[in-house]
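Letters A, B, C and D mark the chains as written, and numbering starts fresh at 1 in each.
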């Protein structure tokens, strides 16, 4: 709001945007590396290990992961241009800024984009897509672009159910999934869900600076490479397939980030992916308790089934401007909250709760959001958010109840 | 109190002990240095700059600062052995673990230590000392050892007043001050208060890892070096005076910490010492609001005049064990609180509020302490601590009202 | 050669490939940053400063620089797709692996590529191009793609002369320049030479890890954006122009590398660009003395006018395999030399002499190359390379004689 | 010797002083740590591991290692004050600046110091000491202070032989050994050689910044603690023994250095101590070849049996000033050579060859020393030093021939 310059505020900036996320010490350290020859006989050890371990992250046996020096947006482009040709029809449910931008990219790359507009606050309309697919007897639709977790609204969609309606319709379209703000945070199952192309970036669940675009591709999708007529070179998968086979990259890789990725994957596997997912659900549940029980406010996500475990978009009461809350939080309390984008600009502020995070780091964000709301005149009870979140966390455990099912949190008996 | 091993807890450990403190990024970065020849013609530029800027930190024109590769304890020893001889009488008010340890060191170094025991929770008994000094006609007392800020109890003493009674008595004893947990955080005035030897360490207000013991010495005290008969070599000031004069050290200095010190001093001076002190007072006031107004608990410090702006020792209610609160905070919430030491073990837990800190970093500590107290069965209202601290901070500013006087916080008019 | 695994060799790996280059401490440090919100009100300060200072690096007043999270290859693609349309004719002199790859990219992006093959070891055939342009009365040629410094052969071309023949022919084609291994090392003058699109990457003269693709675009070229029909989205300049105007990026920027870039530009400007160029010329001259006078070997570059100041490709005598020299250097002496690529594979090894480098760092590479050649049976005199380089450096200064002209090295009078 | 200020020279400073040494990346990284509570239940894991692994470094089963926040000088003081009383007689062979300084410290701490002056360039006079001990029937001599490796002259003494003459004399004096520039580089055997107190610092073989003083104490020496009357507090071992037993320290430890020590020990053990020693011998032999065969100069060490594997002091020809060589090396070639100290000032310059080092890192130093000598007018043949060292290294391996005996280098058969 104000245009006065921001001087250094003492202490640590509390980073509560939904990416980039906080870098763990072990990852920060791992990036302090001297440069080395990326064509040496030593280099493949690093590359092979990363590519192999990304399969574990994606929960895939058959898929092939790729790492680009790019943002996640670049990996979106790689997914589309390597498997589709200009004029190909794709179906894109749109319910937030990031699903919007992906649809926009598809159009600019010359695809025939059929947009399914959905209210912001809801997710992928699985049944409606099922009907469309059944009606598409000629299989004109070549791909479906689904945002697993819409970062703008804090909505998670059911990709497993989407695959089911695709299968029910016997439809061969490729399933493209944007997992930028879900992979490494929320359960994601490439093989089990039949995902064909899954995109992520380094700066969310992987706890790195931005700079790596990561894509995993099913064998079915890989076969499309030879016939896809979209022009590409930098993001060409054929070059990558060839070079990666021997542990190299077609051009100079972003070495420091690769070493950071090594450390980040080690951290995730040490904790255990199921426990990582359970922790995200547990932490998100506490934030939602702060919003609903503490502050009496509502989320942008319209129903519990859409609740995202990585980001909550919180609706400010009528008559207030969320941008003012965000601005005060940043300038006065050194807290970075996520802004409302596009349709929900001014209406919501967002708390990211993803990456290397725990209860008390989130307490800073909740307390700061509360103070900034009070400063903006929003009538919340001081301490209510933290109180509600704390009560939630004190009375639940974050242990993964069942490593396959969605993590169910267990009440702490003795509490 | 459990003995089960502690595995890595996700997210950042919330460090709320009264030192070591959180290292700012700029300081962390500054310590990533290649080694260099500490006898090179380039080295003195660093050394001279640090020694000169430490004078600014100590607010001294005439005093001479020294940097040892040691902890603050080493600087204590340097202060005593360079100015006193075995058998010399020193007066040591004792009201906490650190004043106790200093007295103990003085005894072990062969001094004749007269201990003035004071209730833990109070500070230097200025009037009583004044009387003792007046009675000491022969000036048998050679030094007074005063803890400016007793870290164990969260008590700050009035060194200016102590100097006044010394002057009133016309007593020539040297004034030794332990400023380990005050210098760089709480107003400290070497020259104005007539301090002769002032000790600090790198890991508190200077926001560095431990490893540097820092001592500032008045010209009066420097003159004692030649006649002081305590044996010393590593901590000998004469060697330092000689080597420092040309920008070198008598033995290999702790180079990475020196570069960190450079960055830390730059940060302090960029913020402005007065603003740094005002910020500490403002932050401490919020913590005290949490304790008193939020939780309804008491501080170990027995009166507002003793309240420390760098650490609060919080007394748990009768029948509860503070160690359990600390243990739960650490193991369950990844929060490091300070333990009660010696006489107050089990009775208090401590929140350090010093160094590169802001409101929301402290909110993590307050929220975590609250949750751990609730887990331990202590009946505090969830969210009450954070609520009270937040209300305090929202309605006050941290601007230094008057760069000379003790920072008076101003109520925010519009709030 | 051998397939046995490489274990850690003690000591520092001597990095003498022509990129990535050695990271200076100040740049390494600068990348140790906590993440922050790239949409904050604070962020534009960083972005504006970088974009403005890149103009100084490119020596342009009117050109506009762009920073992509990508390798230099990505910036190549950005240059082509934003200004050309499929079917557009481009002229590409080819005389090494990197000019070859750029031509290949142009073909894959659908351009009509006219390749001018030149012997490897020579550079851009300026006169021949002049004739072709004069013959192109219809101005069918839309662009000329020139490698300023061909990294594969160690050949630098005369871009100023190329512009002259373009002007002489009155030809409006865009001048594309690959400056990946020249910009920041060898004199480069965007405006003076009339370069329209100039590409570089972060891992050479900018002394950073790979991960940033940098492109500078003339106003003339910028005007082509609206009519260029090549599909692009990730590398679309229009999005960048819009976002950069307010100090932001269209997608999450590679934050740690941006902070590194800040430090790298500061280092370059502190030294002074002219002095940086003079230093590279001085260092390269010493390496060439080692090759010619010391070892009696030849460079791949066929004449002094082609000699590159950033990389030397050294031809091993007939009957020897350069790959064996490189393998021995790496496995036995912990030295990374550049391999011969494609046509010159096995025939040359390369010493990169660019980035943050000095005489003695190069002595390691020269000495190691010599030992590896001896191990491979190549008959060079032990110590001869280092002896010749040392004599050169001892008797010349690296001062920029004339800040405009190509740095002429002055003999040290007194030596 | 010019007094003009030194501005930043491009590239890496070549660090060839005998400590501090080059920090390996893995150690540098390990020190980028957030601070933590050194009284937490997690801390002892780090402390116990370090103390236990130091025993491996010292090759002791019975000795107890101690870590002080200090330089190695502090560990010297700890050794003396914890085991001796003022007036106790100690025998100190003196043959260089560091043996001189230790003797000086002993005097200042009130011991009765009997100095055995030996020509600089020789080492501990074992036979002479044997005679003195035999003559000391009353066992007035309480300790012998022996510099294992005199850093000032590049002389290594035979501690095993010293123990033998002590045993032959049946003399109970404590054996104090300064291993600052030997431990972790040159074979050192606490138990086998019957060393009672062995001192080192962090900045030599341990490849860390200065800041840790390390001392290992035999059980025999530990028993002296209770009766030693030298006053000490900071360096008191009794406090350490008590605190270390539970994994803590008596005062705040230098945390970042402790984490660095963890990484340094891991590196040493991964390479294998015997291989580390063999590598130092192999590297030193190459440097000596450069000096003798290449340059035709002499070492300060007067006979091969005194040759140090960690530092070579090279005597410049009559009529030249070594200080000028060092000054030119530093100012013109960015090379830090060690200066001659005290008696040998101006007569020698020193090349440190210890720590994380390999052949080509030393080539920088050799080449630079050669150029600086030539600049100073010393008549050495350009390239001769590097040529001789290279020939040595090419024709020998650094494998430890026999893990117990002094590493014998084997000629490479095929070379």
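Keep this in mind: contacts are C-beta pairs under 8 Å (C-beta built on N, C-alpha and C of every residue); 3 or more make two chains touch, one makes a residue touch a chain.
It should be emphasised that the depicted structure is a prediction, and the values quoted were computed from it without experimental measurement.
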Maximum centroid distance from subunit D, chain identifier (CA atoms): A
Which of B-C and B-D has more C-beta pairs touching across its chains: B-D
Distance from the mean Cα position of subunit D to that of subunit B, given in whole angstrom: 36
Centroid spacing, where centroids are CA-atom means, of subunit B and subunit C in whole angstrom: 53
Two or more partner chains touched - positions in subunit C: 12, 22, 28, 32, 34
Sites on subunit D touched by subunit A in the complex: 25, 28-30, 32-34
Subunit D residues within the subunit C interface of the complex: 8-12, 14, 22, 24, 32, 270-271, 276, 279, 294, 333-335, 356-361, 363-365, 367-368, 370-371, 374-375, 381-388, 390-391, 393-394, 415
Subunit C contact footprint on subunit A (complex, rising order): 5-6, 12-13, 15, 17, 19-23, 28, 31-32, 34-42, 45, 68-74, 76-77, 86, 105, 108-110, 201, 203, 209-211, 213, 230-236, 250-257, 327, 330-331, 336, 338-339
